[in-house]
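Each of the next two complexes has chain A plus one other chain: chain B in the first, chain C in the second.
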Partner chain A sequence: MNKNKLYSNGFLIPALIVFGVFFLIPTIISFYYSMTVWTFDSAKFNGIDNYIMFLTDPSLSIGIKNTLIYSILTSGFKVILAFLLAVFLTGKIKTKNIIRSAVFFPNLVSTIAVGITFTSFMHPTKGLFNNILESIGLSGINWLGAGNIALYSVVLVDIWKGLSIATIIYIAGIQAIDRSYYEAAEIDGASKLQKLKYITIPLSVSARNSVIILSFIGGIRSFDLIWSMTGGGPGFATDTLASIIYKQYVAGYYGLSTAGNVIMLILIVFLALPLQKYLYRKEEAIQ
Partner chain B sequence: MTQREKKILLADIIGCIFAFFIFICPFLFMLLNSLKDRKGAAKLNFSLPSSLHFENFIEVIQNNNYQILLAFKNSAILTIGSVVLLIIAGSMAGYVIQRKKGKLANATSILVMIGLMLPPSVIPTIWLLKFLNIYKSMFSMIMIETALNIPFTIMLYRGFAGTIPIELEEAAYVDGCTPKQIFMKIIFPLLKPVTATVVILNAVTIFNDFTNPLYFLPGYKNTTIQLTLYNYMSTFQNSYHLLFANIIIIVLPMFILFLFFNKRIVAGMVAGSVKG
Partner chain C sequence: MKKKITALLMVLTLLGGILNGCGNEQNSNNNDSGALVGQNDENTKEDTELLTLTVGVPTGYVTDGFEAVAKVAEEKLGIAFEIQPYSDAADSTAFKSLLASGETPDIVFYNSGSLLESINPKEYFLNLSSYEMLDKLDETFKDSVTIDGAVYGMPIGSSMGGGVLYNKSMYEEYGLTVPKTWDEFLANCEALKEADETAVIGSFGTSWTSQIVFLADYYNVVAEEPDFSKNFEAGTAKYAETEIAVKSFEKYSDLMPYYNEDNVVATYDDGCAMLAEGDGYHYFQLSQSLGNIYNLYDKETVDNIGFFAVPGESADSNGMTIWPSNAIYVNKDSENIEDIIRFLEYYITDEALDIYDEALPSYGPYHVMGYEPRGDAYAAVANDMQPYFDSGSIALAQEYETAVKGANCESICVEVASGQLDGKAAAEKYDNDCYKQALQLGLDWER
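Right after this comes the complex of A and B.
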């Protein structure tokens, strides 16, 4: 029996049409329009001028730099903190289900709501963070108002919100490890740290890779948290690619904005994809 | 109590304190401040409200000619419409990709991987919507949410379809079922567990989506729930009590979902995030 007969290509058509029309076609035409001065009525080809502008104009190039800082920092911290948290929450403690729920809930909350709440925590005079700092004798920090700090303040909140999904993935990865490895190690007299180093870390590597890739790509595309907390300010200090794309759109520079979109795509294709390939190759080498 | 038990108890206590301060306090803060009067909430601190001001919620609901109710309606239509389309298109495609070897199936499979990673091209999409004369319509917004979330949905369905034994379909085929009947009568009912995951994950994503409605669905009558919150940020700039009341109203549906489906959501997140 020809098995392929059982499955009709027609089943693929609805998904292909929706995805093709509303995602693929815009993506393809974005390459052309990123090289134009574009109002919807007319498009004047100007070669790679938009890209040159993106790389040379300080108010635009800072977006590329910030996007990279943002995605590297958030994915790095998430993977480390989530691992520690997951090890703790797969341990012998009794309240782990309660704690897991608490860690998990932020994942369901709208980013805008999180942004507003943490913006008020970071209020320079009345905010909770500075009140705590001042009560232990330290001077307050201008969390979102100082150009050299603001980006890192937003990174901090992104880590807080993204930690939940990262921890969930890690918990699943650690729970999937065969218990017999630990039993064998215990018989051989391995210490806790040794078990962590030689069993838990290498055998949860697939969870680690998922966390890194997900948060790295999420970081490159991140928009709503930054937009609700700083709007790209002060000045351009916290502008990322996504916020610049929006700002240029509002300002009517459609070609430039689309070039930003393509740069974002390039960053993902040339950074995230190779990173993923590299991580998976290492993963296979372990297994 | 042994030394070991003491250690675990200590870890329990530290863990709970830590979780309370880091993860619960921000939500407590929202709730407390949503119940204060203007002056009390403006202090932005953790004190208990001196008296409870439930009228904050009424004021938020009445604001701007009951805009938030309109927004709830829009968000509900958007979420339900997109999720239904995602189930239909996603389950069919995910199932066939998992089973079939062929050019179109392979091509779809590659497209899915691309769609999982790449960002949508914003302005070309707007241009296309204008060209098709469907810009600022709920229909186009539903289509876009479907297009953006279908790669992930197909991945979930494809993974789960692999666990359904192929003999079922062959037996049905021998008995004279068409591929369409096989899918409708046998496969789709068996996909139910992953359909539940698809519903919850996509509903949360689409309900909480801010960026796409910001671009593709502007205008008062189209406003969605996340956009009203964003607009209130400037309207209520000095009225933190209303801002937090608004946040509570918006977070509440998710909290209820969380209470009922905690386990299912977590399982879905894991299934969705581990590579397919």
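Right after this comes the complex of A and C.
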């Protein structure tokens, strides 16, 4: 009995070593380095100063605020819009497959390419969006140049890109719902809205939870789209944790950058994990 | 059967794609990376005699002067050059990655001063202190490339000044005179705005250009507080507490109503084009942009551009902030050190400087002592900038007096320029930003 266990556990060892060396150990070491002023030659311990800086220095703390806004907005809208799209795409339409491919297409394109494309669309004088707005008589919007709306412009693009995979997840979830529920409801004379509310929404809960968790964590970690569209600008208006961490790293403030990474880890652990637990508990309740 | 054939075809295509991508790396590198000085076929024929050195150059850098000298060097010294551009987008990231990756070209162009210090030159660049050719260079330049007593760089070209480039013919058209105080300057801008023109060009799409107002204003700070940088580095002087320093940031707020509509996304090239074509009338820039405009247009257009230093509070203390030339650094691990030195020694001879100056007129004085350019200088350099040098109303940019320069300087400047922050708040923010830099450098600052 013991020999068997040893033998089977032995197969885990290579994977554990890789995991340990590349993930566990650096994470633990980074807790130490995040509390130092680190140049690669030396690391001077300075307690929780780095963390205090992150919370008080406006150019750093704005990252935490923007990250939360960004992740909540993007995951919220993705969940709702993708669901509606998925319901539409699982109905009786002839061009279903073509539309599904079209919806999935943004996921295949590199995020940087999407960022560059939309940045040129959002150019204040030569961009497509403002040209359209002006041709119907409205004044153009300074999408990425005005500090107060730049972040929301990036959120819009992220939603556009993220809808693709969220919709696919939802489609899979909705298609897994047993037809017999709908038939039973029809016999009882349920309207479309009622079918949606009482059958589709409750029974697609596992798909919904996946979308919420994935898009929330993805939103917290989001970097490439923001970097390619605004570089964190104008000023610091669209800086999220990821871009701030990157900026500190590039400036050579390695200790501060590591502290930022630890803060991101804390955010994910203390926001996403409880969220996940809560959602799964509700999921169990429905099943 | 059909499925099997389709599958086989796809596998072959995939294999073909992989082999094409990986196998030909050497060939494609040689063909694609930048401009080869001299003819391609000449090189392959004389490959055995000609030595090819690689040069890392930031994109957006005008290399006409260097290329002209390199071409002559090919015949005289038997050295050809292959230019390998690296991105100069925000924060020198691409350059630092290039150095760290171990694929540094034989020589590289980069900034001097505190930027040099931040990339740890001891690790990557050759110490040139022992070579005699350094004796020909002026002290200002040598100081800017010396870290911990070791001299690392040779000047690429001329020094340059920072201030306001303006469109001379438009000034004439509107009857404006060169302002000697900041208020006079704003009055000029107001007059232009009323005529529905873009008074000031902003090109924050290329982030480093956003700091020029702040950096070029340094002369005015030093004129009133000569010891500012020394005290700043020691931690006793702060931007927020020094009135004349806060003014540097407040100038951005003053400029806000006069910027072009797309100032946040316009790039450096857009800005130069706007100035050259008369779509905007003032451009806070370094005089090296004259070279860029010369590259994009012609001598006549460039000569229509004038220059004046950033005006301060009074007409008496009007002076220009200058930057020594960017430098050529030698890769410590290059295999061709002797040939590189041979080339650099030639590079600062009068003959080479004449060739350089003819291809790319200077932006300011050269750093080789005793050399007088004989070519046709830009009107702005000869007529507008030279008087500042002659009368001694010049000051070295702050980054050459102290290594403490906040990494977020550009972003803070854009924040004020886009109205999210006022001058005083920006000064405080910049102090905090420099605090991080001071911490990193091991300076003892209080919070």
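Going forward, the second predicted complex is superposed on the first by the 280 of 287 C-alpha atoms of A that agree within 3 Å, B and C clash if a C-alpha of one lies under 4 Å from a C-alpha of the other, contacts with A are read in each partner's own complex, and residues count from 1 in each chain.
Convention: a contact is a pair of C-beta atoms (placed from the backbone, for glycine too) under 8 Å apart; a residue touches a chain by one contact, two chains touch by 3 or more.
Not measured: the values here are computed from a predicted model.
Considering which of chain B and chain C touches more of chain A, the answer is B. Judged by the touch definition given at the top, the superposed model places A:H123 against both chain B and chain C.
Of the two partner chains, chain B is the only one touched by A:V103; chain C is not.
Applying the stated contact rule after C-alpha superposition, one finds that A:I217 touches chain B and leaves chain C untouched. With both structures placed on the common chain, the touch criterion links A:S191 to neither chain B nor chain C. In the overlay built on the shared chain, the residue A:G252 is in contact with chain C alone; chain B does not reach it.
After overlaying the two complexes on the shared chain, residue contacts for A:I169 are found with chain B alone; chain C is out of touch.
Residues 123, 126 of chain A are contacted both by chain B in one complex and by chain C in the other. Considering their complex, residues 37, 39, 44, 46, 53, 57-59, 119, 123-126, 142, 144-147, 231-237, 247-248, 250-253, 256 of chain A touch chain C. Only residues 1, 3-9, 11-12, 14-16, 18-19, 21-27, 29-30, 33, 38, 40, 88-89, 91-96, 98-114, 116-118, 120-121, 123, 126-128, 131, 160, 165, 168-169, 172-173, 206-207, 209-210, 214, 217, 220-221, 223-224, 228, 242, 245-246, 249, 254, 257-258, 261-262, 264-265, 268-269, 272-273, 280 of chain A touch chain B when the two sit together in their complex. Chain C makes touch with chain A in their complex at residues 90-93, 96, 118, 204, 207, 261-265, 407-408, 411-412, 414-415, 418-421, 429, 432-433, 436-437, 439-440, 442.
Contacts from chain B toward chain A in the complex involve residues 8, 11-12, 15-16, 19-20, 22-24, 26-27, 29-30, 42-46, 85, 88-90, 92-93, 95-97, 99-102, 104-105, 108, 111, 115, 117-125, 127-128, 130, 140, 143-144, 146-148, 150-151, 154, 166, 169-170, 173, 179-180, 182-183, 204, 207-208, 210-211, 214-215, 225-226, 229-230, 233, 240, 243-244, 247, 250-251, 254-255, 257-258, 262, 265-266, 269-270, 273-275.
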